[in-house]
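Take a look at these structures.
Next come two complexes built around subunit A: one with subunit B, the other with subunit C.
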Partner chain A sequence: MTEPLLTIRGLRKTYPTDRGVLTAVGGVDLTLDRGETYALAGESGCGKSTLGKIVAALIAPDEGSVRFDGQELVGLSPRRLRPIRRRVQMIFQDPFSSLNPRATVRRIIEEPLIVHGMRGPAERRRAVAEMMDRVGLRRDAADRYPHEFSGGQRQRIGIARALILNPDLVVCDEPVSALDVSVRAQILNLLSDLQRELGLAYLFISHDLSVVQYMADKIAIMHLGELVETAPRAAFWDAPRHPYSQALIRARPNPDPRQRLQDKPILEGELPSPIGARQGCDFRSRCPLAFDRCAVEAPPLHPLGPAHRAACHLVEGAAAPVGA
Partner chain B sequence: MITRNSLIGRFGRHYPAVAGLALLAAVTAMALLAPVLFPQGPWRMVGRPQLWPGADPRFPLGTDILGRDLLACLFYGARVSLLIGISATLAATLIGTVIGAAAGFFGGRVDRWLMGFTEIFQTTPPFVLAVVVVAAFTPSLTSIIIAISLVSWPPLARLVRAQFLQLMPREFVLAGIVMGMSNTRLIVTQLLPNAITPIIVSSSLMIASAILLEAGLAFLGLGDPNAMSWGYMIGVGREVLRTDWYITTIPGLAVLLAVLAINLVGEGLNDALNPRSRNR
Partner chain C sequence: MNPVLSISDLRARLRGPDPHAFVIDGLSLQVGRGEVVALVGESGSGKTMTAYSVLRLLPSAIQLVGGEILLGGQDVVGMEARQLREVRGTLASIIFQEPMTSLNPLMTIERQIAEMLLTHGKTTRQTAPARVIELLELVRMPDARTRARQYPHSLSGGLRQRAMIALALACEPQILIADEPTTALDVTIQQQVMKLLLDLRDQLGMAILLITHDLGVVAEVADRVAVMYAGRIVEEGPVVDLLEAPRHPYTAGLLACLPDVAEAGGRLVEIPGLPPKPGSIREGCRFAPRCPSATDLCTRVSPETRIEAGRAIACHHPRMPA
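For the complex of A and B:
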């Protein structure tokens, strides 16, 4: 078997604050294969964006390792990192802040090629035009400025910029959260089409489980900087094992109006502070199933099946027998 | 193309700014025409001293205490004021932008050192510092320009730093990092173009304060002895202020109008370039 595209091991990132040390990412392991979409979901503030930025080498972690295609990224000098940057790109959340307002669309999409000294001016022009076709932008948009476009169009420009270098991995940081619901589906479809055509792998960060369900091959649920469950798509939606995953799935809005009156158990209790040292399971204050052990011992991620793990004492020893 | 919403269109609807621009054009014309209209130069004693304006048709603005033509002095003074105002501002803008950009971009220790350095300049009264610098060298156009730019850059450095701090977390800057841009390229292609508007506006206003500083220095006798300037003219007339007040008043008015013109143009530029104040 070949090495996975991205291997994250023991990743930690903390920030000093006035009230103590804030743990944004607290020891995350994750493996992402070529061409697959791994969704990272969780509430806002759970550290999923920080994790995405570490993978895109925008933030240096305190500890841990990020291996991309066999090469360690953590601690690499900016010069050594440059060839990797070509292969790991990022799509940002806010299409109104992610494009340089003083540059034309052509310049924005062409810039990565210029930065990496790739191809001559005429060839770059052609590459930009092809990429614009590909993401569904009219070619005559090339000489206009970002403020002349809608949010959805601007996100297409951002996607074109990320893909012009032909990367292997794209970190999508809430790529549709800032968009109108009516254009979300278009952008999501575009992302899946491009993935198929170009063989991209996505690290897809989202707080919206319906988006995750639509996009993800594998799902990782993050809670206060730690993964509480990772699962392949089918296992996650059919049989989520962690109480938090179950609560998140239940909390999704139901499109069927007749079902709306039905009472849903919604998470109650307080989220522990991410600042300072913690003991036991972070989720126990909101967990309907919490018992004595949860207060003293933090559950590790128990393997449950192929790529399926959950961090809950209740699933301990529940792994399907090997070969079953 | 001049449309209602183009830069020129927006500037043109700002009437005080257009008036300021006309005044500024007049001062520039004076500076350019001085050697043509008064080939003998401003220093020649051409008539009886202390002739009041209108007393002799050859000297419409009269003569000073040594019998020099005030009109000629005024025209040559415009040259010095504009030259010093513009060169000192360019130099100060360059220093301020480089220091502010470095502080804002690198942050941390670099920022603390550069801002500490900036504060040393800011805590000293600019005019006193300019006097010290000019007095330390011999007064000449070059030393005056150096002195004025040396005391004028700190506010600009702070402005550029603040702009950079505001731009740094924006996602297009992060995108630049992710695509592998070098620091220089990030600063030049992503950050500076988005910080340029306030730089232009405050630089245009800085020209006015540079002209005032120069006039002040020349008034104190720290001007270039070979360059006729408005400040020097005011200084010369000081002794006869009670009897022949026109000798100080005429160059004083010139300074006032030039500074006013530049301020009006600066404000017009601000309104035209700043999207937030548009459509008022």
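For the complex of A and C:
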């Protein structure tokens, strides 16, 4: 068996605050294969973006290991990290604030090549033109500036910049959340096409389960810095096992006018604070199935099937699906 | 029965040299008592400007140039500033995506709501504190007495939204205009807030004009839906009819391009191109350049709105009824 493209083990990241230590990522294990889309989903503040930035080597974790194509990234010197950075790129939610407003589109897309000292000017120019074709930007856009483009076009510029170095893994952080629905479909189709053509793997960060369902081969649900469930596509949508996954799936507004909000069960309460020490299961204050043990003991991720794990006491020993 | 809100042939345009730069172009819409009407559209469709014009809150770059807006039978378009202050909050209130748009960061929640009540003569200094708690309990603010004494920044996004709703409802308006009220919230909190709004509608009998881009939310909460494109309502009808059998090609396209309806791994339906900028299309249907059904007629003649079996459609070639 070949080694997975990305292997994360025991990853932790905390931040000191006035009110105590905030645990953004609290011990995450994850394995991503070549060419696959692994979605990281959860509500705001669950740590999914922090995890994405650690994978893209934009921030360093406190503890744990990130192995990319067999090489450990944590603790690597900037010089040793550089060739790997080329192979892991990132696409951001807001294509405007992530593009230099004073640079032309050509300059934005070719900059990674310059930074990495790759190819001469003529060759770079050709590479930029080809990449613009690939992402659906007109070539005459090359000499214009980001503010002259719509949100969808700007996202295409961000995608072109991420792909110009021919990466193996792209961390997509809410890539379509700021876009209108009609444009969102265009960008999701583009991401799918590029994956197929270039053999890319995506770590796809999103709060939107409809987008996740469409895009992801595997899904990890994150809650307060920890994974509560990981599963392949079919297992997740057919038989989600963690009560939080089940609640998120139910809460997703879908365009069926016969499923009215007033008839749906809803999750009461707010998320607990990510600051300070916590005991037991973090979801118990909102969990309809919580019992005594949940207050004292944090459930580990129990294996349930191939690549399927859930952190709930009720699935210990792989019993029948809870609440399904 | 008279509608709470009745908008007829409303027009607004960008101030500037182009007299055709309409952001709202001949829009008519009615909202009945206790009704939840969703005004749906993408960015730039004019949905938010329509909502703002009801309370005469349009930004200075946009000018109302025609039409009529009746709120509880009173014409808003010609109102003086003093009268407008009376109407805002009592006849109609507005809540925003970002609660800090309406909440004052320097005042406790209690003080802002009390001030609103006192300004409109809805309470006295003595009874104000009790009324504030009552309102916070109405919006199911957990631990209302403690929260009342806090400043907005110490509340979570969901609780701030509740505080804003309490403020908006303080003077018992007949209609609440909700401009993307849950777009910035997580799904589980979004559900709580939308459910609260529906419960309040049932309890207080107020109408809701919901401005949103999210057809999922529309499907869950609206009684009636109006779809906006480039300043016009292109289709309007009861929620089940409209979402299950859209007749305007734009409505059909919006529904078809949702990832919810796609097969995993299959291609999403796209609406090619982008919405037009105000004033950029002078003749014909504004959706024609992106429309799969467009003909020569569509590029020449702007379609009139026709009403058929409770549906309003502005299209030369509507899809067949289901």
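In this section, the second predicted complex is superposed on the first by the 315 of 324 C-alpha atoms of A that agree within 3 Å, B and C clash if a C-alpha of one lies under 4 Å from a C-alpha of the other, contacts with A are read in each partner's own complex, and residues count from 1 in each chain.
Here, a contact is a pair of C-beta atoms (placed from the backbone, for glycine too) under 8 Å apart; a residue touches a chain by one contact, two chains touch by 3 or more.
Quick caveat, the model's predicted, so the values are computed rather than measured.
Student: Mind checking subunit B and subunit C on superposed subunit A, clash or fit?
Tutor: On the superposed model, which is not a single observed complex, subunit B and subunit C fit side by side.
Student: May I ask you to decide whether A:Gln186 touches subunit B, subunit C, both, or neither, giving the answer as first, second, both or neither?
Tutor: A:Gln186 contacts subunit C only, not subunit B.
Student: Would you check which partner chain A:Ala251 touches, where first means subunit B only, second means subunit C only, and both and neither mean what they say?
Tutor: The answer is second: A:Ala251 touches subunit C but not subunit B.
Student: In the superposed arrangement, does A:Glu268 touch subunit B (first), subunit C (second), both or neither?
Tutor: In the superposition, A:Glu268 contacts subunit C only.
Student: For A:Thr2, decide between first (touching subunit B), second (touching subunit C), both and neither.
Tutor: neither
Student: For the superposed arrangement, I'd like the angle with vertex at the C-alpha centre of subunit A and ends at subunit B and subunit C, nearest 10 degrees.
Tutor: 80
Student: Where does A:Ser77 make contact in the superposed view: on subunit B (first), on subunit C (second), on both, or on neither?
Tutor: neither
Student: Quick one: is A:Arg233 in contact with subunit B, with subunit C, with both, or with neither? Answer first, second, both or neither.
Tutor: After superposition on chain A, A:Arg233 lies in contact with subunit C alone.
Student: Where does A:Met90 make contact in the superposed view: on subunit B (first), on subunit C (second), on both, or on neither?
Tutor: In the superposition, A:Met90 touches subunit B alone.
Student: For subunit A, which side has the bigger count of touched residues, subunit B or subunit C?
Tutor: Greater contact footprint in residues on subunit A: C.
Student: So if I take every C-alpha atom in subunit B and every one in subunit C after superposing, what is the smallest distance between them in Å?
Tutor: Across the overlay, subunit B reaches subunit C at a minimum of 11 Å between C-alpha atoms.
Student: Taking the touch rule as given, give the residues of subunit A at its contact with subunit B in the complex, in rising order.
Tutor: Within the complex, subunit A touches subunit B at residues 53, 56-58, 81-82, 85-86, 88-90, 92-94, 97-103, 111-112, 115-116, 158, 161, 165.
Student: Where on subunit A is subunit C touching in the complex?
Tutor: Going by the criterion above, the answer is residues 43-44, 150-152, 180-186, 188-189, 192, 207, 209-211, 213-215, 233, 247-248, 251-262, 264, 266-268, 270, 286.
Student: Quick one: in the complex, what on subunit B touches subunit A?
Tutor: By the definition above, subunit B touches subunit A via 170-172, 174-181, 185, 189-190, 193-194.
Student: Which of the residues in subunit C come into contact with subunit A in the complex?
Tutor: On the subunit C side, the touching residues are 42-43, 142, 156, 158-159, 186-192, 194-195, 198, 213-221, 239-240, 242-244, 253-255, 257-262, 264-265, 267-272, 274.
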